[in-house]
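Before any comments, here is the structure.
Just so it is clear, A, B and C label the chains in written order, and each chain counts residues from 1 on its own.
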Amino acid sequence: MSTATSDPPAEAKPQTSEKPENTPANIAAPPNGDSQTKGENGAPAPAAAPKLTNAQLKAKAKADKQARRAQAKVSKDPAPGGAPAPVSAGQSGHPATESKGNKAKGKPDGAPPAGSGATGRATGARGSVSIIPPKPESSIPECFSHLSMAKRLPITQADKDVHPTVLTLGQQMATFAIDESITRLKATLLAFKKVIDSYTTPPGNTLARHLTPHVLNPQIEYLSACRPMCFSMGNAIRWLKLQVSKIDPDVPDVDAKKQLCASIDAFIQERINFADVVITQKAADCIQNDDVILVYGRNTLVQRTLLHAHLVDGKKFDVIIIDDPYERQGQVLAKTLTAEGVKVSYSGDFGALQYQVKLADRIILGAEGMFSNGALYGRCGTSDLALAAKDFGKQVYALCETINITERVSTDSLTYNEIDPERCSGSSFRLLYDTTPSHCLSTVVTEISSAQPTSVSYLLRKLEDSN
Amino acid sequence: MATQKGGYTPSLEKFLDSLKSRPVQASVELLISLLKRRQIKGSEACATATAHILLQVVARDKWTNVDQLLGRIQLVGRKLVTAQPHELATGNIVRRVLGLIRDEASEERNDATTDSPRPASPSPSPSASASVPAPSHASSPPKPARPPTLASIGSFARTQSMFNLLSDPNLFPPTGSNASTPGQVSGASTPILNPQATNVSALRSEVIDGIQEIMDEIKMVDEQVQTYADIFIHPGDYILVYQPSRTVQKFLTRAALKRKFTVFLAIDPSSATSSEALYASLLKSMASNGSSVITVLNAGLMAYMSRVDKVILGARAITAQGGVIVDSGGAAIARAARERRRTVIVLGGVYKLSPESKLLSESRVEWGDPSKYVSFADGSLVSHVRVKNAVSEFLPADQVDTYITNLGAHAQENLHTIIADHYKEEDINFDLYGKAQRISGGEIE
Amino acid sequence: MANNDATAAISGQLPIRQNPDVGSFDIVATYHRLLADDPELTMPMATIEALIEALGASSATTVFETMKLVEAQSDRLWQSPLVANPMAVRHGSDFFKQYLVRELRQLPSSTGAASGSGSRNEDQQFEGIRQHLLRNARLFATRAKDAREKIAAEGRYLIPDKSIILTHGGSRVVGTLLGRAVERVNGDPPRRFKVIYVISESRQTESDKAVAALRSKGISVATIPEGGVAHVMSKVDLVFIGAEVITAQGGILSRLGTYQIAKLAKIDGKPCYVAAEQHKLGQTFPVDQFSFNCRGFQQNSLDFSKTTNSGSSGAETEDEKRAVELRSATPLDYTPPDLITTFICDHGVKSTVAMEHQVIDMFVS
């Protein structure tokens, strides 16, 4: 990214100085599309003088990017099998929006919506805590009062602008009917497609300026009130807002909406569906014949990996499932695997963990997210497992779509976490996640590359560069 | 095993009540089956039952000399131990009673023949230590009845066996050839047990007193351990406990009298719904003193460690090297604590300190009822999945910071001296875990 | 301190001959003859045997004379340039001296009880001890060998089923342990395990012999060079090593390469057990790899040189040169206690701390 490297820093500065009140959101500001955010929002903000040159540079950079991405895609295409077609669709979708964005950027007020969007998100997330807690706070122990918790919001309490699909989704999230990070992300994006679909720009407004603050933000606020957003949702929403801001005001609503929905479809295809296919394959490659694989609870990606290795690759291996006794999702995995003929041994809790880990050859973990310091955000208990594995020199693989990687850093499990709303009554308490330090992991398998956990932040940069 | 409020569990109580009305041999057989079927379980219950049954053997069996009595205790002891090898406390009590008999016998003999050529059986008698519950026991002076000869100094006794290498075969039976022989009854430091010199009835009552002291010691453990509570728990501490035994609960309760702190209570997941009732008295007394208890419904507790100051675990047994048998799940917690450099404290009476070294850490995992989390009704799971459920497991010594027993707080490095104070080498070497039928033929090799 | 007290008391009573006559007795030659005659003998044990022979060859009769003799002869032995491992010799002789002192202190007269004829009486009783030693010298050697069997009996329980054991060197204790472990003992079924044997190139014949011995017992053995230890460690379940000397802090002095294996085992979290008889215990207190705290002991581990023909060892005299040469041919290293999981001793499985305490017990009372 020779051209871009010289670019962003200059642009990034004005952006941060422009809206210092947003710092939390900025610090949290995640990966993907970030350089774009900077690019599009930062450029217009400063005085008019450098604007043109910047725009020209940008344009050139974009062209470079497009060319490179096209190349990268071509080289990737043969591998994933079924995926390529839709992916290339996504690819063509992107540049389209980007070129539109370039035009949109001309408008000095392109920034505010995105900026306020980010703020909205941040306050939204925080708001959900500060507005709702008064009641539950009494049951949340003081030492955990900084952590957030999902909450069943009565539908009547929701903002009138919240779309019915989002209302339903919010309830599903609050009740954990939709739980895993990547599933929540997908559902959110699909719901937003519907929101966009039913949107009409009011007279005297433009879509790019109106959609985000008046329509998307209430949805987002509602969703994060129902349950704190996961990293992937934050990442994707930031991306979506950027796409919205790039819509040319001259484009008719119908076309703009079509364009946005296509972008979302492409995003889902590329960052979720295609990513999962690649990760599943890569992770299955790590399994060898006669291996004993140890897993924790049930994670969709891990399950797909095991099934892929067994059914597609025809490998023979045993699986040890260690389960969280309070969730027992591992039993579902056990049934799925045994139905396919995989030999499974199941332990309902962490008893004799060392002994179990000793029996295993490798450990495959699903990640809810990855921090940029290489720590893994996973189901509570993941770190205990990884620790035991490390003690016995076993390989620990973490499976993670890049959309789950956040630029944040976490050094313990109480920096970012969620309290289980179902088990936070009186004196009982349950954390949903924990943070596994990077030294307990051997390899992070993502769709773009397998890497040392400490290199995920570098992967993130690569990803930004190539976008 | 988590709690037995007040007295004993019903099965233990029933067993103890029936002791007097039953012939000794029948009681032994009953206890064996109770142990096998896990109807008497937990180190305290097993230790208590063992002490009681051995008392019956001493009091009611026919024996005419010390060797006979030792042989009898060894026989019964081995049967009990093999019935439930996971309960190390059983073997501990057997070995302590054996040591007690040796001590009493040598005292008797010393009293009878004052000019015995060599002072024997020198280590401080367990009965002496049992009767002195204060933590200062180790330095308690020898009984005045015995002249304080050089040989009664502990370290001298400990090294005595070292020099057996050069000892005169006519004076000492060389440990070299028979110390590990299962059937051996008289060891190196109790030479020439002269049956004639032993007054059986006096010895009997001495030994019975001694066993009763051991029983008292077991009963007193909780009370003595908790005297150290406010030394180790500080104001504002966050203490993590896991399936707290009664000893641990009392420890916390005592600390709460003087300190305000927070307890993270990790419970047995299968009892999540009944935990309030299970720990009612703990919750109540903590709350009434202004300390709080947070019941933690997580299996992996690494997440909490950045907030936790100390982890307190109850021991099922402690080995000479400092390894601890804990409720399954305890090892993962201690490991997590170690990762964050949190203090791990293990509580348990001295009677849980086991000299046994012949068990591997793997075999120290005790597996239990697989239906704990998996319903038998769930056909596809039960028939196709190998379901495993550990009951207890081994916690390596390097993950424990300190041990608090009824004698005080100990560094790992000093556990072996406590063991040396409570057990005799020949009893430690005696293989309680051998096949029970092996000794039916008497002395082998 | 016990030592000093006792000898002081004795010398106070008996200022007789300073240099007891041992005639033409050569303790160094005796020591080497004993080791050569009986390949099963350990160095400390050979030292004790040699000292007993010295007792037999001398005309010393009194306590004082005897103590003097033992002192002088053991000094001569461990200071000899012909002795490869003076630490082992010192442990043997210290053990022997300590035994004598303890026996003396247990004599009824030495407790201070009123026994009119004082030292005479003591000497007579001591003669009994002397006679016992001379009479039973071979018994002691047998007992010392029996210790190996006891270690084997303890050690078999540390071998998990179907495990892989890494070992090296020609340790007779480890050899016995592994050999016994595949036998059925007292109804205890044979242990199932395989052995990875680390071949020492400089001691190829010894390694070959040890491997052959294990295989003749029906044990599957894989051999690797010393450079391969780290490579195979992940497959290893436990490490058994022997020792020539157990140091005062519960570490060991052993064949060069032991430290490295123990360290690699530690890094991979594999248990490392030392199988050694307790008569190898002693007061040697090494501070690091290059100072074992034994006066005059020097092995030329590091010979920096620009030419291929290495030369000076820095030794002054001929004797020193010979000693350095000898010791450099059979180099030792020091394995500190934190790398040792436990000791398997003839008196049980003991922690390193327990061993340390035993040294304290032995020499301080």
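Keep this in mind: a contact is a pair of C-beta atoms (placed from the backbone, for glycine too) under 8 Å apart; a residue touches a chain by one contact, two chains touch by 3 or more.
Worth saying up front: this structure is predicted, and the values here are computed from it rather than measured.
In this assembly, C is the chain whose CA centroid lies farthest from the centroid of chain A.
If you tally contacting C-beta pairs for each pair of chains, A-B comes out on top. Inter-chain centre distance (chain A to chain C, centres taken as mean C-alpha positions): 64 Å.
Centroid to centroid, with C-alpha atoms defining each point, chain B and chain C lie 35 Å apart.
Distance from the chain A centre to the chain B centre is 53 Å, each centre being the mean of its Cα atoms.
Counting partner chains per residue, chain B has residues 362 touching two or more of them. Residue positions of chain A touching 2 or more other chains: 391. Residue positions of chain C touching 2 or more other chains: there are none. Chain C makes touch with chain A in their complex at residues 234, 268-269.
Residues 118, 149-151, 153, 155-156, 158-159, 161-166, 168-169, 174, 176-177, 179-180, 182, 320-322, 357-360, 362, 412-414, 416-417, 425, 428-429, 431, 434-435, 438, 444-445 of chain B are the ones that touch chain C when the two sit in their complex.
By the touch criterion stated above, chain A contacts chain B in their complex at residues 141, 143, 323-326, 328, 331, 334-335, 338-339, 343-356, 380-385, 387-388, 391, 412-414, 417, 420, 423, 427-431, 433-437. Residue ranges of chain A in contact with chain C, taken from their complex: 391-393.
Of all residues in chain C, those touching chain B in their complex are 48, 95-96, 98-99, 102, 105-106, 111, 132-133, 136, 139-140, 142-144, 146-147, 150, 153-154, 157-158, 160, 186-188, 278-279, 281, 342, 346-351, 353-354, 357-358, 360-362, 364-365.
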